[in-house]
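Two complexes, one shared chain (chain A), two partners (chain B, chain C).
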Partner chain A sequence: MNDVMIGQYIPGSSKIHQLDPRTKILLTFWWIITIILTNRLFYFGLTALFLSFILIGAQIPIISIWKSVKPVLPIILFTSFFNLIYTQGTVLWSFYFLAITQEGVQLSLFLILRILLIVIGCSFLTFTTSLTSITDGLESLLAPLQKLGVHVNDVAMMVTIAIRFIPTLSEEIQKIKDAQKSRGASFSDQKFLGKLRGVIPILVPLIYSAFRRAYELTMAIECRCYNHEIKRTKMNQLVFKRNDLVAFSFFCTLFIVVIIGRFN
Partner chain B sequence: MALLRTENVDFIYSKGTPFEKKALSHVTFSLEKNEFVGIVGTTGSGKSTFIKLLNGLLAPKKGAVYFNEQNIWSKGYDLRALRFAVGISFQYPEHQIFSDTVKEDIAYGLKNQGVPENLWQDKIMEVLKIVGLDETYLELSPFQLSGGEIRRVALASIMVMRPQVLILDEPTAGLDPVGRDTIYTALKQYQKETESTILVVSHNMDDVAEYADSLLVMSAGQILAQGTPAEVFSKTEELTAAGLAVPEITQLLHHLKLSGLPIQDSLFRIEDAAQELANFLNEVKKDE
Partner chain C sequence: MRNQWLKQAIITAEFAVFIAIFSQFSIPLGPIPLTGQTFAVGLTATILKPKDAFQAVFIYLLMGVIGLPVFAEFHSGISVLFGATGGFLVGFLANAYVTSYLIQKTKASFFWGIFANIVGALFTLVFGTIWIKLNLQLTWISAFQTAFFPFLLPGILKAVFAGYIGIILHRRLSVAIRG
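Let's look at the complex of A and B:
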């Protein structure tokens, strides 16, 4: 658990939490397309405003948002820095061979805004939707592939299990680290070989325990007669409600506004 | 002078997130040299969190931890040296095995300590004997051992570093009664031979009642009771309210007393209880 905030579901009862997972998945994709198509500062402001309404609506603490953005900040800054110095155009300021151009400033600013808006937007999907709902949604959206011979159910099951075990394994790493530190291991060796040697006492127990868990899980699944040939029903059937329609229309409006802004 | 003590420590997991969880509040505790202390409490009462504060794996959010009266979070304090002095054997021993042989696994701590290799063999044989394994285990792969054997190897791998304080988290979880006795007998013997201090975490009262000089009872991250087993077990009602049971033999005596027998009910060792009952019966016989 510790400080991994990406993909962390925050239980709640807001309108956004209650939306159909399929709505949220589709709208997340739509959001990404909308942001990519946005190309004026004014409209970035508009989408940001839109996002802040979602933020208030979903009642997600700011600190969680910050934690989901923090890990990508270095990448954003790195790429926008190169955009800043390598873009040709009207020179604003120069220093030896480095030249900062008006176009460069604009490009890197847009890049920063785009990535931020996309990352924050996507994190809402996972903040407000439990893992089971996401896989239910995905399964339902991908159901047509079943006709092409893809075992959608099994894939959905595998994805659920894989994601479900991320926090478990990360907790396990912490416990293993604690155990080895208690025997004097130090993970602060900066040299490559030292680092490599430091990893083995963590990796081996981790893999061992992952395998053990896998066996146990297999056994548990078999005991419940899990079988891809049996058609399973859902406890919570997915149904689109009025609020889903409202959400779609909001995004539709935003999309149209952005498109108009782009070609005007 | 206390060997190891905490002063009013608080600990909070995932502070500042929606998953914030207060695991310890206002825990003040001290451990004297050569003591055998038991920490009891229900699952989730904060026992494991507390011991991780004692060797600096976790830093308290409030309060302080002192080893030999030195604050372990003061600037420049050598935490690695502290971890050799305060050894912890964790609840899940399979989390620490990674070597090809039992011998290598036990030697891991010695290697980190910088003990010359020619001394390893003697040290390893010594602790192996204490935990009740023989030299045929040395060349086995730790992954092929049973749960009880892994636990003993894990225990040996901490003991071999000769910590001044030895801490064990639920050392008998998942062991049969014989395995449990072996571990506790080993601990007692180890303590006698090395004059070290031992802290055992358990959620089973019967386990610690027999061996510990003093007990610390935790409930919901706080200290519920502290003192000798006799003192602690006299608070039957508080313990029951916190979801803990006094040892079965104490319960029996308590019920006998409630139904009118003039006997002492704060005994917790089978032998003591048997003696008390025998004394009482003899009195009755004499009167007749």
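Let's look at the complex of A and C:
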């Protein structure tokens, strides 16, 4: 868990890396809507071409793209297979009770393309934007919720604290485990209940120290006069630039083309 | 302490990290591995108050969305949340709130702890099933066959474990939890 701090971010200086995080978050959602609305093979090809330009532009290695696609492959193939054999329609090929229909082939193919394009498209956000930038972007985009009583700043602060604590807590689990082992705790009990009870000597000190740490950190923050109710300023202000406008217009064009294709 | 809110916020963040860390572990219990994710969500809900438990799961999901590999098997990103199995993750939010609410409204006994966790686990499964139905355009029957029935028994078993261990921790750490 100690290596997870950087997330999926691949540092770079491309135009896509330089886009405002808010632009990238909004475009990711727009991308999902565009792909859901796409319903012809030609337009799937067009969106795939568009996506490949983005990935080449952002200089994202193929291995990283493969890593993001790999986990969803089994479920896509599984469902496509069932769609292939269960969809009714014009029979293309049959074998005893199995019949593959034209509609089945189309449905499966579109499902595969749709999920792959969404997964790859969404991962471009996390590939090209650092954790801090995404947190800042989300905080700024969700700021209107503040009027509804949702404390967006507090959520952003909790995420920051959580990210900071990932290495601390995973190290602590290891330390507690070693400490309990040195006191004779056995984690290799073969019995069902024994195995289950084995987690208690780890969890009790772990959760106790979580509460103690929270107490200490609160004291430290209070000593620095932290007040969560006042408006906070930022060192790096987010500003929309010309690049963001260009990116929006590209996505807008693609969206219009897909919509025209869908209803024509 | 003056700022009780701040302390709760930090504890919530710490529990979000617990869920993230436990998501990568599984305790092999015969044929059904006790995956840490469901277990940690149940445990969080048993120990924290409803609002805090909900927030802890929310922060956990947010960490995954912004790209930290905190979901099971070190996955992350918006695509996991909007993918076929994203419903289970969203269902954790309902699970955490409902479980914690039931425990708060009843006695924190073994029976109620386990009962609340089972109800919470059912919420996760129902959310997951509805999501997979809409996402993969399945029929209700095949959605339930894919996402509900295979996970029902393991889900209930995990809920029983989480409830049992959660209540033990709740009793041993009652002074610390009450602050």
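Just so it is clear, the second predicted complex is superposed on the first by the 187 of 264 C-alpha atoms of A that agree within 3 Å, B and C clash if a C-alpha of one lies under 4 Å from a C-alpha of the other, contacts with A are read in each partner's own complex, and residues count from 1 in each chain.
In this section, contacts are C-beta pairs under 8 Å (C-beta built on N, C-alpha and C of every residue); 3 or more make two chains touch, one makes a residue touch a chain.
Keep in mind the model is a prediction, meaning the values are calculated, not measured.
Q: Thinking of the overlay built on chain A, is A:201 touched by chain B (first), by chain C (second), by both, or by neither?
A: In the superposition, A:201 contacts chain B only.
Q: With both complexes overlaid on chain A, does A:64 touch chain B (first), chain C (second), both or neither?
A: A:64 contacts chain B only, not chain C.
Q: A:183 contacts which: chain B (first), chain C (second), both, neither?
A: Only chain B is touched by A:183; chain C is not.
Q: Which chain makes contact with more of the residues of chain A, chain B or else chain C?
A: Larger number of chain A residues touched: C.
Q: Quick one: classify A:10 as touching chain B (first), chain C (second), both or neither.
A: The answer is first: A:10 touches chain B but not chain C.
Q: Using the touch definition from the top, say if A:82 reaches chain B (first), chain C (second), both or neither.
A: second
Q: Thinking of the overlay built on chain A, is A:175 touched by chain B (first), by chain C (second), by both, or by neither?
A: The first partner, chain B, only.
Q: Which chain A residues are contacted by chain C in one complex and by chain B in the other?
A: Shared contact residues on chain A (touching chain B in one complex, chain C in the other): 1, 5, 200, 203-204, 208, 212.
Q: Show which residues of chain A lie in contact with chain B when the two form their complex.
A: 1-3, 5, 10, 61, 63-64, 67, 172, 175-176, 178-186, 200-205, 208-209, 212
Q: Help me check something: in the complex, which residues belonging to chain A touch chain C?
A: Its residues touching chain C are 1, 4-5, 7-9, 28, 32, 68, 71-72, 75-76, 79, 82-83, 107, 111, 115, 118-119, 122-123, 125-126, 129, 131, 134-135, 138, 154-155, 157-159, 161-163, 165-166, 169-170, 173, 192, 195-196, 199-200, 203-204, 206-208, 210-215, 217-219, 221-222, 226, 228.
Q: List the residues on chain C that touch chain A in their complex, please.
A: 1-3, 5-7, 9-18, 20-21, 24, 27, 29-30, 34, 43, 47, 55, 58-60, 62-63, 66-70, 73-80, 82-85, 136-138, 142, 161, 164-165, 168-169, 172-173, 176-177, 179
Q: Mind pulling up the chain B residues that touch chain A in the complex?
A: Residue list for chain B touching chain A: 13-14, 16-19, 52, 55, 57, 80, 83-84, 87-90, 92, 94-98, 108-109, 112-113, 143, 157-158, 161.
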